[in-house]
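Below: one structure, written as structure tokens.
Note that the chains take the letters A, B, C and D in the order they are written out, and that residue 1 is the start of every chain.
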Amino acid sequence: MKKFINKPENLEIETARGMALAKPNILRQLPGCNIMVRQNKKTDRVALVFGCGSGHEPAPNGYVGYGMLDAGIPGKLFSSPTPDMLLKGIKEVQTEAGVLCIIVNYTGDVLNFRMAMEMAQMENIAVESVIIADDVATQKTKSVGRRGLAGVALVMKIAGAEAEMGSDLYRVKEVAEWAASGLRTIGVACRPCIIPSDGEPSFELGETEMEIGMGLHGEPGVLRCDMMSAKDTVHQMLELILLDCNYENSEVVVLINGLGGTPPMELYVINQCIHDYLAEHGIKIYDTMIGNFMTSLEMGGFSISLMRLDPHLKALYDAAAVTSVIRR
Amino acid sequence: MKKFINKPENLEIETARGMALAKPNILRQLPGCNIMVRQNKKTDRVALVFGCGSGHEPAPNGYVGYGMLDAGIPGKLFSSPTPDMLLKGIKEVQTEAGVLCIIVNYTGDVLNFRMAMEMAQMENIAVESVIIADDVATQKTKSVGRRGLAGVALVMKIAGAEAEMGSDLYRVKEVAEWAASGLRTIGVACRPCIIPSDGEPSFELGETEMEIGMGLHGEPGVLRCDMMSAKDTVHQMLELILLDCNYENSEVVVLINGLGGTPPMELYVINQCIHDYLAEHGIKIYDTMIGNFMTSLEMGGFSISLMRLDPHLKALYDAAAVTSVIRR
Amino acid sequence: MTGKEFMLAAFEAISHNIIEHEEYLNHLDNAIGDGDHGTNMARFSHIILKDLPEFSADHDDLGEIMHHVGMCCITEIGGSAGPLFGKFFLQASLSNKNNTFMEAANWVLAFEEGTMGVSQIGQSTEGEKTMLDALFPASRAMQETLEEGKSLPEIFLAGAEAAEKGVEFTKTIQASKGRAAYIGQRSIGHQDPGATTVMLMLQSMHKTAVDMHVE
Amino acid sequence: MTGKEFMLAAFEAISHNIIEHEEYLNHLDNAIGDGDHGTNMARFSHIILKDLPEFSADHDDLGEIMHHVGMCCITEIGGSAGPLFGKFFLQASLSNKNNTFMEAANWVLAFEEGTMGVSQIGQSTEGEKTMLDALFPASRAMQETLEEGKSLPEIFLAGAEAAEKGVEFTKTIQASKGRAAYIGQRSIGHQDPGATTVMLMLQSMHKTAVDMHVE
């Protein structure tokens, strides 16, 4: 297994520690666990908490800092943080204005957060949540709803900025939900990641195959096919997004997320394909973010997110942020 | 070949265009070529120019913007930009204060820059250069000197900040050389990249092997061996750096550069190994940068750079910068 | 009437039973989920075996012991099953706060309240191919046998048998909750791992009650 | 004395010769460099074949034509050879500015100045296993034969033969410049691709001079 790691069983804690050590001015790691909180604790604004499995770095902890998250809570590899950890994070950053939990829509994450929120409420903490379900490869109509993908980074940015403005919990939640309502993501994978505990690939894919719509943990997508050009791949992907949500005449932010093993050069090539396609479809691009925002270890592939902006969301998108990953 | 690209012959131009389209407020692409210049042209400060082969994204164009480069000039894949292109970039951003060329020490790059600088001088442009040769895997004593690696990003930051302060050309060059004199880098690779034109790997490496000291284009390193733990790998690498340069009691900035195919999680694990090793050796860390700063397509591996800081370099390191990759 | 001794024996039996079935539960989860349900439950079971005797050494309140088990589910199981079983035991513990003994009626009520807790936290109900397809029928069967005046071993037996039927039923339906919901129709034909765990738990409860001759 | 006609014929012959040896030059570069020297030089040669007749249709100044070739090296060859050969031709063009004809002495001076240009831009000299191991001996041999009053074909022949010896010499030494310097001792035994190109160029010059019966 060609990974620069130490013992697989220490992977999560070493990852968290490595992030904390890189930005001591921004991050404070709670002793003995992977929870990361802001160095300058908020006192009177709504606090934001996000948690997800480890293996998706820089999420969640790379988004902790002024203007975004107050606490990041990573779970074990590819599995949700447990309610006790979530509660610990919530309690650490809670203020009188309350706590907004941002949740990516996987059953495990939702259940663990729900449990943690119940426990927090029992301790008289005002806590609300927003569930991100941006993956158009999954059906909206399903009772479990859509999976959450990298688009969550954009919602964190928006909600974080609204919270810094001093808005109350219901307003921050409302704005986050409004942003999420105009958010769509679609992924594609061409190489599996290798699970550190057993050295096995997370899924099988033929020599020349890719899969459009695959989830962050190798969940089934919508189309398995031979590798296509960047242009055709992007067209297929954006078609799925535009079939689902009408962005015509809208202004959007584009987030191109590498899954860990796809290099910057390809992401830039992809961007120009996206740009051309959106221009042809009368969609205006306000800004484009390109990089590794929510990975799956070293999986090959990427995702495209579009988020609709209105003047208020634009201001929030542009507002100051000081995190390891996003700075404004 | 599992790459999200279009025609290999258009790769460089599509990459440059994809970068420019992502940050139109920062970047302006010169028509018909890959050269990127700042949107707000300097008028009276020393201008900075850097060029290198394509395939190393986000270098060079990701560093164009306030506080860093005035022009970025990518060549064809893995080969230096030609003198005519370098001259074009130099002429586009030149000011009365002159132009400083930043060069990574490969024969091709040095010769092409030297030629371009001669041509610029014939047009009465004041032009100087600083050559970055930070790779401790190569011998300092060799007539060709050491190869240049990702550490160049740090020198760009320093020199760019000094230039924004209004210092003259010789001062900017002097500061850049001073920063470079305290800069060392060492790389390691575990997976080759695939050359897009023929789909072949850039070098061969056994199933379980890695190579310490390998260059950005697969140039031979100093030790080919079986994969080691992150901790042992880092120890081997830092030992080579510390053998070469005494950082004891110094304060340094650490740059951990992913080669394109190594995901953030591993880079964070690596960081904590670096942190522990440096702490044991009495070296103080001022800041740590982790990410894909100078890649080799999707090569697996990373490099570690240390740069010594003094109070002046610290101020320059912290000074404002607005580029696609680095923001302060 | 049962006391701390029975409760400890029951949790011990449950833990052993789950550990024995770790591979089996993983295998079931592999078909329609991510293959970790056995590992998740076994991790919890090992902790219970080690930790519960210790904890209960200075705790006689059965509600508190159940609460402790619930917290252990929450911290140790992970995945979806963690908060679900956690909620089950936390909720079940409420009506037994300060009880050092539990009557049959206490057990039946605790089970019902636990089941309601799972349904509430999971925002799910019967027929969605989850552990609730074992929990709800078992709860009803236990209620009925209690009303018929049966003994505790008989009540647990009724629960275990109803859970087993529920597990069989999960094979026939499509999942609409949990990971298995993503694979849609392809989930039909496979039995739900969470429901299977509920069945194993009730079988162990029954066996412990028989072995210890409780009434 | 030679005019535009000879110069065009010579560059055409050089281009064909290089294109014929593309694979061979790549092969040589593969052993001690990155294997692209043939591709680099052939790309340039194709442009020259297409572009030079066009350019010289309305240019009679031989210095200007050489300058044009130099610029074409700079923009088309890439790698190390681009600026090196570019500098060679730019430098060689200087003493022939405004010349529509070149005497033997003009050719020898141009070659010498071109060689000095390569040495200056390459910050390199003889014995470092580069094209200079062909350029310097060839330049000296041409100077000597010129002083002996030989004809232009004889002068080019002397240059070509000296370059060939220089190429042989590069096999015996270790590289201290260019990519080949990285592999240290392992470069011994292999001949330098850049020097080989210089030899091919001089051989084509000689052949063209013979074929066109210049003096």
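As a working rule, contacts are C-beta pairs under 8 Å (C-beta built on N, C-alpha and C of every residue); 3 or more make two chains touch, one makes a residue touch a chain.
A quick note: this is a predicted structure, and the numbers were derived from the prediction, not measured.
Contact with chain B and chain C alike is made by A. Of all chain pairs, the one joined by the greatest number of contacting C-beta pairs is A-B. Centre-to-centre, using mean CA coordinates, chain A is 34 Å away from chain C. If each chain is reduced to the centroid of its CA atoms, chain A and chain D end up 58 Å from each other.
Distance between chain A and chain B, defined via averaged C-alpha coordinates, is recorded as 29 Å. In whole angstrom, the spacing between the mean C-alpha positions of chain C and chain D is 85.
Among the residues of chain C, none is in touch with two or more other chains. Contact of a single residue of chain B with at least two other chains is seen at no position.
If you sketch which chains touch which, the chains link end to end in a single open path, with no loop closing it. According to the touch criterion at the top of this document, the contacting chain pairs are A-B, A-C, B-D.
Chain A makes touch with chain B in their complex at residues 1-6, 11, 14-19, 21-23, 54-55, 57-58, 62, 188, 190-191, 193, 208, 210, 227, 229-231, 233, 260-273, 275, 285, 288-292, 295, 297-298, 300, 302, 324, 327-328.
The residues of chain A lying in touch with chain C in their complex are 75-76, 79-80, 82-84, 106-108, 111-112, 114-115, 118, 138, 142-144, 147, 215, 217, 219-220. By the touch criterion given at the top, residues 34, 36, 71, 74-80, 82-84, 86-87, 121-122, 128, 176-179, 181-183 of chain C touch chain A in their complex.
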